[in-house]
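Heads up, there are several structures right after this.
Below are two complexes that have subunit A in common, paired first with subunit B and then with subunit C.
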Partner chain A sequence: MESDMEEYRQEFIQEAREYLDLMNQNFIKLENGDLNAINEIFRVAHTIKGMAGFMGYKNLEELCHKLESAMGRVRDGEIEITSDVVDVMLKAVDAIEETINKIEEENSDDVDVSEIINALGEFMQEGKDEKEMKEVDLSKESFEGANVRVDVYLSEDCIMKSVRAALVVENLSEVSEILTVIPDENDMEKEDFDGHFVVFIKTSDINKIEEVMSKVAEVDKFEISPLEQKSEDKAEQKEVETEVENKEKDRSKVVKDGVKKDVKKDKKLESIRVNIAQLDTIMNLVGELVISKGRLLQIASEYDIPELKEAVSIMDKSITSLQDEVMQIRMVKVERIFNKFPRMVRDLARKLGKKVEFVMEGLDTELDRTVLDEISDPLVHLVRNAVDHGIETPEERVAAGKSETGRIRLAAWREKNNIIIELEDDGKGLDVEKIKQKAIERGIVTQTEADSMSEDELKMLIFAPGFSTKDNATEISGRGVGMDVVKTTVERLGGSVRISSKRGEGTRIRIHLPPTVAIIKSLLVKVGDETYAIPISSVVEALYVTDENWKVIHGNPFLIVRGKLVPAFKLRELFNVVNGKPEREVGIIVEKESEKYALIADTIAEQQEIVIKPLTGYLAKIKGFSGVTILGDGRVVPIIDISSLLGGDRLA
Partner chain B sequence: MHGESVQVRGGDTVQVIVFNLGDERYGVDISQVREIIRPSQITRIPNAPDYVEGVINLRGQITTIINLRKRFGMRPKPIDNNTRIIVVEFDNAVIGMMVDTVNEVKYLSTADIEDLPSIITAREEAKFLKGVGKLPDGLLIMIDLNKVLSEDEVERLR
Partner chain C sequence: MPKVLIVDDTAFMRKLLRNILFSGGFDIVGEAENGKQAVELYKQLKPDIVTMDIVMPEMNGIEALKEIKKMDPNAKVVMCTAVGQEQMVKAAIKLGARGYIVKPFQAPKVIEELKKVAGLS
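Moving on to the complex of A and B:
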């Protein structure tokens, strides 16, 4: 029983956090005038309240109840939405979050929430006095814009009608915007659901709807009717209105009854919660399989067994698909971390007295969970920076002839084999002269070095450790990660950062990231009797070292590649390999931040797919390696990390 | 638990794995030991701290091997037939400690474990030690895995 409760608690905490995210997003939407958000917040507050009640967290229940009531008033038009109102409500959301943290840590919701409850209470009073009764009817809202009504009749023998219905809705959501479904999911789950339901959607192409519908199994018949006359849907609206009202009265019916069915909810039906640790285990097991496969292949060719080779090649196909699938499962939409930004930008802008319009694009772009988790903090820093250092105050902007409101755009998209995240602002841009001065002041570069640097190189200096252009580190940007952490994190993940900026016009930071990290193609090279792996992604080409192309200039070795001098590094020396010199060496040309370098090894052994296993403990922070891998014969081979191997101090 | 278990158990007995480094006998609480293996192919990791021998593939798990002689500031000794690796689980990581030889498993009453005399604890390498166990046939130095394996020490020693 104890452990059962613990399990429930964990689940509760996780779900509550997701709902909190949802709430934060919707408050921002609300502030921007999206009245649909009210319903969503109302629903979420109600859900958390229900869950809290079930778990016996009285304080939390009370808090949610107050928020819910306040939202009810907002919805009824009794309270007008101003930034101040949203501030108080967001504080309530924060209090809920704090309470949930406390529950996680101490299994107690003993947080002092009286202040926030009072503040909410005050609003209730205010609202009562004003009684403005502005008509905000959400059921109408949700229909405005619907231009097609789809009547679906599921066949009689369909076994799980509610599930089938959800599938239909999901399919429709792929080609159109679902506005509402009648009856809603809860009613469908009841026994007496007869298989007839109506979906109101917004679409530009009715033919597509028809195409989708005709493909769904177990649908007896369907009718697609364009909605034109207002009067016709009025009747439907009535129906929905009563639905909504019933729900509200029925407060005891806890958990997850939606006021409005939306696309998001449909998606939830089709997914299950998986523990992250389990996912990692599966990933590791797939990695093991890839290694075993390599071992089998080796045996097959060593003993020359054609049958085994054939069997392994078939197994190889399955493993590859399995690997792809697991990779796919690990992919998470950037939405998951982007979603916290609107709230952050809003709070920050308000605090700094700036006006910021925050736009996000490409929320559907997917990244490996590990990559996403790693990149989260650096992104927070960049966004904070954009608001704090990038965007000017309204007065400054007007003086500069710009609109009062600054604009920050955060976008993600896929380009070939990379995921690109771009943050752009139309603020004051980078002051190259100031950067130069600061860098010299802080001893990052010398005067002569700085003078010889190009403008782009100077801009990249903001990523150097110990750099900060603002004279007083503000509360906002002066904490935790700095720009140097942004750069090292991205590079550790195998990506790169670019910055471009025009004085007075704004700054754009572009991050390239690999979508996944766990399994990579690599080149295995030999140095003495040791083997090392170099990720193919950073290799440009390879060539033999000869007397002609090997030059030592002022004590520094260079390899001449197509007439260009490329700085060369002998792995033998970097790694202190003591065994004798080979007759002929090979130069592997690698690229780091679009600069080329030559790594000199003895021979290239082969090209292979490898599974990255991170180094832990003592070796976690070691420079020059991103991890190790296990080869088919069981040998362990270190994987060279170009960026930290040739990083910072070594080249300076 | 970690290295504290020896003291926590009060009047109980602990099972201790006894190993040798040079002429001295050391002990480690068996509850922290996963297995004892012979050294297999160890892959060197360049630029690692000098007492890190490298990593091995322990049934698919990458295991860092540290040379306990070097860790304790003793002169290293080439791997021979008696060399063993004591694999311990510590802080969710699996780490192998290379020792000269593993002798036996002893029962030790916690009452027989005493703090080290201050003349010894003052010495640099003694910070890895947590007490002396008295056995009928002599003394046994209990090592403190917490200290031997913690990362702060690594940082500091660099």
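Moving on to the complex of A and C:
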């Protein structure tokens, strides 16, 4: 049972989070005047409440209950929707989120929510029910026209007794004529209704009454007493308590037999939920298959076995299809991360006193889950930046002859083999002069370098490590993720960032991403006994290093490629490989931010599809590698990450 | 074994009910996420009992109940409800719901309710 609960807990957390997202979105819709959103929020609060109730998270249940009630009043038009009201409710949503986080981390919902509950409570002067109870007379022996009296005693632990009573009455009404019910419906809804009620009916078949009564749950016992009256009395007057059991057993057998015949057909489930970790495992296994396939191919050609070659080529097809399918399953709509933005933009804009219209497009665009997860934080940063630095205050905008409300557009679409995410604002645009000065101040470029740079190049400087145009990173943008992280993340994923901006008109940032990253083509190179993988996407060409094309200037080595000096980096030195120096080395020309660099290795082993296994924990902090891969023969090979190997601290 | 169709918009609740009902010896023949799906699946699967959540997107449980009753007046629909929804459940009962279970679910109660409705005991 323990582990069962744990399983439920995981699912609870996951689903509750999804619902939170939904809630956030709907609050934004609500504020923008979409009244349908009220029902959605109401529903979602209700749903989370239900789940929390089951899990025994009382605090959370209470919180959701309060929110639900407040929403109920909004729905009934008793509370007017103002930004202040939405603020309080959003705080409640945050509190729910906080509670869920706590549940995830500590399995406890012990979060102090009293403040927010009070705030919500202010919306709700709870209507006090007047509790005068008139004496209900159950002793009444008969009723005009009735020939049977049914006494029903609901079980003590019956929840919602009045509903249960209504169910009994409704069922009875199908086989008899209901003349009256004591106490009446209103009285049953009162708290001190003890579950005993009487129904006077007119019926011609007492057995039917008995049958109907036996089909209602939570009935402790019932008594059917024919009334002595002028009407056609059924001779048998009997009191039927719950000892109708025998009869019931017989009846149930009949029902069972009737049902059995067509039990097993039409079992169809159109979709199932799969744990993401499992999907990752499958992807890894597919990766391993790809690797083994490579190995088999190698053996086939080494020993020249045509049969094996043929077999492998058939297997190859299946593996490729399998790979495609799994990739497809891993695709997730960008919606998943985009959805949190409207709320974020709203809160930010309110805090900064700005007016922003936020538009999203292409929510159905799909990306590999890993790519999407990675890109999430950088996007948050970009969107925050757009609100904080991009859009001006309403006054500034009016002064500049623009509309008071700024506009930010976040769009995603697929273009050939790339996914493009574009963030556009109509704010003040980048101030190239300011960027130039800051970059020089921060020592990112020298005055001379800066002077020789084109406007586009200068704009790209905002992605340089250590660059920030605001002196004090505000609470909003300064969260440890800089623009440089945006760029390195995108590049690590094999994508690119471009920025275009016009002074006074706005900024557009365009991110190109590969739809998936788990399996890549790579070049395997050897240095001494070591093998390294270089993603083929960053390789331009390769050539032998000779006396003629090798030059050392001021202690820095260069490889001359068609008359141009390309900075060279010896992998042997970077990675401290000592053994086996070859006579002739090879230079692999790679491209990083449209600059070329030469990586010097001993030999090129081969070109191969590899599966990226990301480094985790402490290993993830090692610069220069994006992960490792496992080769067909089981060797673990690091994958070189060009942008972090050559970036940042400039290893040269 | 009575065939049950579970209708609830949360995977969580569906799983919960699935486990409870399974332990109670019911045959879960399908699950729907909203009223619309429920009506569709009812047509396809012809379950003996439907557990119907009330508050759902697309089509709520009350509407779905109406549709199902239209198709099959003898349909046995059990409403899933929570304290505070008394009036809605009463409405559902007037429309022909055969029972109701209250969240948070207690397994024995859920099983009792469905067995009663199915005519087993």
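Convention: the second predicted complex is superposed on the first by the 379 of 652 C-alpha atoms of A that agree within 3 Å, B and C clash if a C-alpha of one lies under 4 Å from a C-alpha of the other, contacts with A are read in each partner's own complex, and residues count from 1 in each chain.
Just so it is clear, a contact is a pair of C-beta atoms (placed from the backbone, for glycine too) under 8 Å apart; a residue touches a chain by one contact, two chains touch by 3 or more.
Just so we're clear, the structure is a prediction, and the values are computed from it rather than from any experiment.
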item: Which of subunit B and subunit C A:288 touches, first, second, both or neither; value: first
item: First, second, both or neither for A:162, with subunit B first and subunit C second; value: second
item: Touching partner for A:50 - first (subunit B), second (subunit C), both, neither; value: second
item: Which of subunit B and subunit C A:177 touches, first, second, both or neither; value: neither
item: Contacts of A:431 with subunit B and subunit C, given as first, second, both or neither; value: neither
item: Contacts of A:422 with subunit B and subunit C, given as first, second, both or neither; value: neither
item: More subunit A residues in contact - subunit B or subunit C; value: C
item: Partner chain(s) touched by A:616 [first = subunit B, second = subunit C, both, neither]; value: first
item: Partner chain in contact with A:11 - subunit B first, subunit C second, else both or neither; value: second
item: Of all residues in subunit B, those that touch subunit A in their complex; value: 41, 43-49, 52, 54-57, 60, 62, 64, 66, 91, 93, 95, 149, 151, 154
item: Residues on subunit A engaged by subunit C in the complex (per definition of touch); value: 4, 8, 11-12, 15, 19, 40, 42-43, 46-47, 49-51, 53-54, 159-160, 162-164, 166-167, 170-171, 189, 214-218, 245, 248-249, 251-252, 255-256, 259-260, 262-263, 266-269, 273
item: Subunit A - residues contacting subunit B, complex; value: 288, 291, 530, 574-576, 613, 615-620, 622-625, 628, 630, 634-638
item: Subunit C residues touching subunit A - in the complex, by the definition given at the top; value: 1-3, 9-13, 15-16, 19, 27, 29-31, 44-46, 48, 55-57, 81-83, 86, 89-90, 93-94, 97-100, 102-105, 109, 112-113, 115-121
